[in-house]
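Remarks on the structure that follows.
All chains are identified by letter, namely A, B, C and D, in their written order; residue positions are counted from 1 within each chain.
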Amino acid sequence: MSKIRVTVWSEGLDPKLEPKAVACYPDDINACIGGFLSRHDDLQVTLHTLSEPENGLSQEILDNTDVLIWWSHLYNDQLSDEASNRVVEAVLNGMGLMLLHSSMGCKPARAMLGRNSNGGKYREIGERERVWVVNRSHPIMEGLEKEYIDVPQSEMYGEPYGMATPDDILFISWFEGGEVLRSGVTWHKGAGKIFFFTSGHEEFPTYHLPEIQKVITNGTRWLKPTHTPGLSFRGNLDKVTPLSPINLEGK
Amino acid sequence: MSKIRVTVWSEGLDPKLEPKAVACYPDDINACIGGFLSRHDDLQVTLHTLSEPENGLSQEILDNTDVLIWWSHLYNDQLSDEASNRVVEAVLNGMGLMLLHSSMGCKPARAMLGRNSNGGKYREIGERERVWVVNRSHPIMEGLEKEYIDVPQSEMYGEPYGMATPDDILFISWFEGGEVLRSGVTWHKGAGKIFFFTSGHEEFPTYHLPEIQKVITNGTRWLKPTHTPGLSFRGNLDKVTPLSPINLEGK
Amino acid sequence: MSKIRVTVWSEGLDPKLEPKAVACYPDDINACIGGFLSRHDDLQVTLHTLSEPENGLSQEILDNTDVLIWWSHLYNDQLSDEASNRVVEAVLNGMGLMLLHSSMGCKPARAMLGRNSNGGKYREIGERERVWVVNRSHPIMEGLEKEYIDVPQSEMYGEPYGMATPDDILFISWFEGGEVLRSGVTWHKGAGKIFFFTSGHEEFPTYHLPEIQKVITNGTRWLKPTHTPGLSFRGNLDKVTPLSPINLEGK
Amino acid sequence: MSKIRVTVWSEGLDPKLEPKAVACYPDDINACIGGFLSRHDDLQVTLHTLSEPENGLSQEILDNTDVLIWWSHLYNDQLSDEASNRVVEAVLNGMGLMLLHSSMGCKPARAMLGRNSNGGKYREIGERERVWVVNRSHPIMEGLEKEYIDVPQSEMYGEPYGMATPDDILFISWFEGGEVLRSGVTWHKGAGKIFFFTSGHEEFPTYHLPEIQKVITNGTRWLKPTHTPGLSFRGNLDKVTPLSPINLEGK
């Protein structure tokens, strides 16, 4: 079986602006995530980052990506529109996309999910989060040891969050300060799938937690493209197919 | 405009077994709910209870009911199968059904929603519940003053709850002890609608809270039947309609 | 009861480019729709069009609109970004939006629903469409006389259509040439609701059909804003609310 | 990788009552389906049928089944309640269930999906069906060569069909006589998944069509159980967990 080609992309951490994040993830968050993913034989991992040429998202890179894992929060505006469009086209053609933390604010996510509210709600005090399984049957739950995952310190994002109504809800989070969030949800877009998983933060060692690593690993596998080469045609059917593809004569 | 005919049904409270409940709702829970509903000119309220003939759910009562509000938890087995079937038929033909508290366990709810899990999770210690609005646009939110409703003392039901996947999620609750629940959800069944709203308990004065009363009042209006007299046919079309209801000749 | 303020907006018809459309709708499509809506006492109708100052969608107009009905297909690019943004903001704050025919391609729809596919499929030969009711319980079905609506001549849009997964599916259409479409669907966005209803075409008298008029009339009522003045706050909760809005002391 | 243990179960064909079916499927439908599934190395297939002891659904059989494929239409009442309950329990604990053709009427399906309408609509004249892909991204589409599958002769089941609102819609069918159906849909129940796929009939060689075989093969893989041993606890949390599983002291 051929390996799943995973690109872990992050916007990078600024040692001056984000010293606590650098302390948590000295080689950047993409290296942490790529590190635990690459311990699995079926995953072939490559790292890229915003500061590279073409924002680390050239056509060649995307053509060799089955699943793109995305981490951004501060520098969404620095992504070029061209790079964003390339990501969107790749997803619509089948590439999987995992949106971590607050990555729903990135350009390609906004392009595919649309504007759904006039703002969001958050609190950054390192409170506890408990991530509850809602759909036990989903392959993203494979091997979880409890009905919830405890995240000792987290940033709160809370309902009403104003996300596009998900196709499926996998997790709902409880926050110590009194809020809840649909924190693990999926959508499909064209031939591609999206998994949004918020639990993770640059200043806390969330991505070192074994159960969080399981969810991200399972999510990567679930995002693997479905190959349907025959399903790509679009356009004006007047010009390219017969009027009645089914023979209705004589009925 | 004709009034909405609302039947508030409850299983009744046993003064010996449930003294705290009787202290909270001396005239029974249906009287409390019927009381605040009947202050609205567009609602015409009738009360019924399990101990009446035909379990208070005779065909005549149901034929004169637009919306049935249901409260039960302990005595679900005492409802006759005949009464349950009458309720199911009424919903499939358009009657609205509001399931309060743990009423998802009642026979007609189980008949329409099916078995979805091998059990549920609960805790009854009077902890705080915060009921968050997820879908601000829904008419059941009309007039709410905040993005959440605080219930000072509640019984916890928690995810993974094993409910039939809802058509729409309106509320998600936070519980002080660490759980979450999709606590206000809707389904449609045939020509009828169901609104399941868990926040409420017989030993706490939940149904006296103004915001909870608003949700139940709005929910009653939302459950009003849609009249589609022409949509009732079912059966084998071989026998009753022409083979090709659309003329396909000559195409 | 105060009336629902309905603005029926269209891009207008060009007598030279669209003579058949002008023959069908001599006073433009918005006048046809506004005409049958204004026969209902609870609806107060105003007409606007793309060629007016500020594209007929000034802030003043939108501030006085409860429900906006939209008809466009050819001139979506002529709408200013400012007008599109005003419409999006109005929906997120509660205004209802009905998207007719192929109006899913208009700027505000694309902004809220996102990019969902790399193209669509259509055929414009005047074939028959049969619009099937999927959800009989929805208020948009009020008074329908059959389980389907026959549209003698229609333009085909077909699955896989690449729309954002709907919150709820109300209608699915059958087309004579062999295609199907989720042709009546809803979403919520912030405090507002969207109803997309494709059955209707500028060159056929679809909007003169009584059952289509019923759906549009019912849809207008369903799109009425929900008033939740207390639900508007957004922002960083660190700065504006106490850390623990629920008192957790002593637990 | 261990094989997926697939049990293909059918009610059996009566040579006297169903001679056309026997001509199409001389060794019964389960043998036909098991035959093409067993050509795949990752699937280990066993056949069972209604007439066996314990209806071919003993606890031992179910304990050794990862995915159960079900074919029934005429003899649903002959299944014992005990066998039905064993199937329901197995699904809630993770076993996948594929419901073919009209198998939604079987006891375990009715037990899990509930009553959703007061009847259904069908026509059995051997008309054409075109099965359209709605969600291109789903693994059940793997390898499909077109955006639709043509079934030359089919039995029609039509909307409004009165099924429990699906978690996800994969296929919508077009029927020559004018109807449509959500013909490939999924639900999750407890730890298990259900795939309902209607396209197939005992009197037509539907299950010999290569594209239909692909969907059933992909569906079998998709239904593979997710292993979450830690997620099985249910019950009264008063008795088994501390009141505050998260330490709220000092906040």
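As a convention for this text, contacts are C-beta pairs under 8 Å (C-beta built on N, C-alpha and C of every residue); 3 or more make two chains touch, one makes a residue touch a chain.
On a predicted model such as this, the values are computed, not experimentally measured, just so you know.
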Reference chain C; chain at largest CA-centroid distance: D
Pair of chains joined by more contacts [C-beta pairs], C-D or B-C: B-C
Whole-Å gap separating chain B and chain C, where each centre is the average of the chain's CA atoms: 30
Chain centre separation in whole Å, for chain D relative to chain C (CA means): 36
Of all residues in chain C, the ones touching two or more other chains: 130, 133, 135-136, 147, 158, 160, 167, 176, 178, 188-190, 231, 233, 243-244, 246, 248, 251
Chain B - residues contacting chain A, complex: 130, 132-136, 147-148, 158-160, 169, 172-175, 178-180, 182, 243-244, 248-249, 251
Residue ranges of chain A touching chain D (in the complex, touch as defined): 94, 128, 130, 133, 135-139, 141-147, 150, 167-168, 176, 188-193, 226-231, 233, 246, 248, 251
Partner chain C, residues of chain A touching it in the complex: 88-89, 92-93, 110-125, 156, 158, 160, 162, 164-165, 167, 176-178, 187-190, 231, 233-238, 243-246, 248
